[in-house]
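Next come two complexes, and both contain chain A; in the first it sits with chain B, in the second with chain C.
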Partner chain A sequence: MPLDPVLLLLDATAQALTLLLVASGLAVTFGLVGVINLAHGELLMAGAYTVLALDRAGLGFWAGFALAPLFVGLLGLLLDLLVVRRLRERPLDTLLATWAAALVIRQTVVALFGPASHTIQPPLEGSVLVLGAPYPAYRLLVMALAVLVTLLLTWLLLATRVGLMIRGTVADRTLAAASGLAVHRLEAAAFAFGAALAGLAGAATAPLLSIDPQMGLGYLLPAFLAVLVAPAGGPAGTAVGAALVGGGESLVSAFASPVVAQLAVLGGAVVLLRRVAGRRAGRER
Partner chain B sequence: MSREPLLPALLFWLGLALLPLWAPGWLLGQLAQHLGYGLLAMSLAYLWGQGGLLSFCQALFFGAGAYAYALAGLGRLPLLPDSPALGLLLAVAVPTALAALAGLLLVTARVPTGPAWAVLTLVLGVIGERLAVASPFLGGSNGLAGLPPLALPLPGGPLELVDPLPSFLALLLVAAAVQLALARKIAAPSGSLLRAVREDPLRAAHLGIDPVAVRLRAFMLAAAVAGLGGGLFAAQFGFVAPPLLGLGLSTEVLVWVAVGGRGSPLAALVGALLVKTAEGLLGEWLGAGWPLALGLLLLLVVLLFPRGVFGGLLARLARPARR
Partner chain C sequence: MLEVRGLVAGYHAGAPVVLGVDLELAPGRVLALMGRNGAGKSTLLKAILGLARREAGSIRLDGRGIETRPTEWIVRAGIGFVPQGRGVFPGLTVEENLRLGGLGHRRPVPPTALYARFPILAERRDRDASSLSGGEQRQLAIARALAGAPRLLLLDEPSEGIQPSLVDALGATLAALVAAEGIGILLVEQNLELAARLADECLVLEDGRVIDRLPGAVLADEPARIERHLGL
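On to the complex of A and B.
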């Protein structure tokens, strides 16, 4: 198969932007609340299954798309209240508990929907010519959504009062609390918002991939790598990380088998992560 | 907990050694396999409880040990004879070498031991599982079957560890030896160094301790113990496949160790035995609900018993001894 450079680049961009959409929720919970949420992939899966359930009930794709962020946001709020908040002082236990929560969500989905994989039709059929190459319209829509979410997040953080309060909490939690900010409520809201973004990402990507109970981990690790290798905090840093991880994997997989591509990206990310982590550790000292 | 109380450990091993007097053969065979898992649990308890290094890929080293045993036992390694005894040696050596490699990546980069470390171990686990599935040399997703059992060179001719009773006794001896050795290690000055690095690496460094070397040694020791468990498990099971090194088993170990108690290898081993036995009893009845129960169990233990069910008990026993 001859490789069309335009198509190659489009695929890489699509993968990077899809990853950005997936990682943006993670960037909120990790970057702002400081919680490594290993159940993020499963929250995303819950979003995809919400779309699937409503699609099957005959309500169509867009009903599920609208409801998924709400439902998963509530799920996130519950997770924060029952689990994450109680372990605020024990970060390693937060990892463990969210990993357990991931297992619980995954197995609940298996119990409700069975272990098999499902597919749903994209709501937009057909393709659009981009630089002379035909590209599926729905993929372009998801890419646009990723850009929109990133811009919205940037605006929320940098230009609104809530964003200022959250940035204050991130910078100095004690001082923020002493200044009269309800840090618990802010953190719960941010966590739920991150979960809602996971639900949105799950709903948006549901027609692109097969929906199955194991899909969460496939999203979680690249998204985490993207957030961790991000050279800076905030939505812009996440975008760079997603471009490196998602774009890299897409480009390598055009020339090698998918397994090799995944391995190459994982290896590359570990090397990058060493540098970023080393630099962060150096800055703390 | 800094010291493992000796008396409960000795009583536990004595009680276990008396089990063959009344327990049926199938139970002994099952317990022998669970003791292999118990070695894995002890390795994670040492790394996580003592070293503060929470690993989401500890099964990788267990599986590497199992595969090393399988490859040597089947004579698939070039230049090496097919020998189960050599396989057991490699089951310790290969995971230790792997841990040295992975450790160079993780530990020497001074990756903070929090989130980044945990995600890196997850990534390592995924890399290992995918490599095993994709590699024809390792049998792909089918794994390798027909492994020869271990044989003890006895005066009256070699005794193959096939029957439940000799397997159980052999595993019991190895597990007890490893547990007592780990307890000694924890109580020794090097154990204090590891805890010092866990509590405050920067302060430890200022006191002249090299945190990188201390963590790397702990990582390699844990891998060696896990690999030994994997090799012995493979020798009894006669079959290795990618799930032995996958994230599923790595998660299961976390449950055993969290339930038993991360601070003490003995508590972790008891956790492994109990959870695996419960799985044998309830697994069939609960069916697909078992992983769900496992997840809920982990969640509850982390929230309510952060030291584990037996860890707290053992710590209480250890306190008067320290005075």
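On to the complex of A and C.
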């Protein structure tokens, strides 16, 4: 059957924007706080399970959707206070510690919900015609949410006091402290906020995916690639990175197997990373 | 009033760089710290601010012990800091640097008031701080520190890397800050002329210890006395 170019484009946009939603939290913890958080996928998974748990408890999807960012944000705060803060100057130890945290979160979910996968119904049924092609309404809602989150993050960073404090801390952490900013508190808040965004992404994508304890793993590498290949810092850069990685993988997988698509994206990302690293080194010189 | 007694500090446990330094700094006074590279001058400033590891001794500000307080608390209590190097936030505009300097403080000085003292910064207000010349960056670094309305200012080599003609203007600005606003300055400086112009007193450090304590006038009247300590 010939491929519908509109559907192809919509699928690529949907995958890019879903990845953007997932990568936004990672861009905060990695791009702003400088922590390589290997538990990001598990935080996303915790958001999806929050929705599942509240849906099963009869409170419905939207209650879980509202509570997931708060719950996962608190989980992130706890992770920062107990683990990340103590290892701030030791990135390799942070890597190992967040990996261990990921295992703990995953096994806790297995203990509570079992290893089997679950599904939940999207809160919005039906399709909407987009350029003459029918497209699932809930998928469009998730795409709109990703755009909204990116715009809000941009506003937060560029137009608020907190955003200025965060940009200052990213630019020079020691100077930020020597200017009177409580950098530890700021970093804890940013880490918790990044976790809350992961929770939001997990909650939003829960009806689109199979919910199981491994679900976060599939998103971790693409999300990191999206943040790493971003040509500039900030939400706009992450959006470009997500478009390249998520959109690219979706388009290639329309013509080849998913494994080939993932390999193609990985290869492209490596080339882009070399260029980005070269440009950054040039700027620092 | 800042009082430091028997301060031992460094960067790694058991390897102190500052070895039992005593000093006092009152508002409206300038205390110069001089010595060769590696004498412990910058580490001493960082230790006062909590940016270097404090192993022993006491640091009191207006009679209150601050040696266990975090950096942001000390800065908010009234000690501004201009580090060695550029001392500005790259990627942020001049105006954002100044706003950021006042954000954590109860009574921040608005950028407009700082522009009155540093007019060149008003002309550059929308420029990325890292695109300014060396002299402009030093002015911005000092203005950023003043945005928190400090009573004491710790300045680490403010004349480093700027043209000799600008050092004179910098000296005039700092002298005006002391005279007009009663700010006390703890000044680490290799430029003997600038130190002589500003200092009421001078401590000479060697290998982490104070080896000489001179009246400021000596720097101007008997420069040879200090030059031999600096290896000039």
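One rule holds in what follows: the second predicted complex is superposed on the first by the 278 of 285 C-alpha atoms of A that agree within 3 Å, B and C clash if a C-alpha of one lies under 4 Å from a C-alpha of the other, contacts with A are read in each partner's own complex, and residues count from 1 in each chain.
As a working rule, a residue touches a chain if its C-beta (ideal position, glycine included) is under 8 Å from a C-beta of that chain, and two chains touch if they have at least 3 such contacts.
From a predicted model like this one, the values you see are computed outputs, not experimental measurements.
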With the two structures laid over each other on chain A, which partner does A:L266 touch: chain B (first), chain C (second), both, or neither?
first
If you stack the two complexes on chain A, which partner ends up touching A:S179: first (chain B), second (chain C), both, or neither?
second
Which of the two partners, first being chain B and second being chain C, lies in contact with A:L103: first, second, both, or neither?
first
Dominant toucher of chain A (residue count), chain B or chain C
B
Should A:D93 be classified as contacting the first partner (chain B), the second (chain C), both, or neither?
first
Considering only the touch criterion stated at the top, classify A:M165 as touching first (chain B), second (chain C), both, or neither.
second
Answer with first, second, both or neither: which of chain B and chain C does A:R56 touch in the superposed model?
neither
Taking the touch rule as given, give the residues of chain A at its contact with chain C in the complex, in rising order.
161, 164-165, 167-168, 171-172, 174-184
Seen from chain B, its contact residues with chain A in the complex are 52, 54, 56, 105, 109-112, 114-116, 118-120, 122-123, 126-127, 130-131, 134, 202, 247, 251, 254, 258, 288-289, 291-292, 294-296, 298-299, 302-303, 306
Enumerate the contact residues on chain A facing chain B in the complex.
30, 36, 83, 86-87, 90-93, 95-97, 99-104, 106-108, 110-111, 115, 217, 221, 224-225, 228, 259, 262-263, 266-267, 269-270, 273-274, 277-278, 280-281, 285
What part of chain C is in contact with chain A in the complex they form?
49, 51, 70-72, 75-76, 81, 83, 87-92, 96, 99-101, 103-105, 144-145, 148
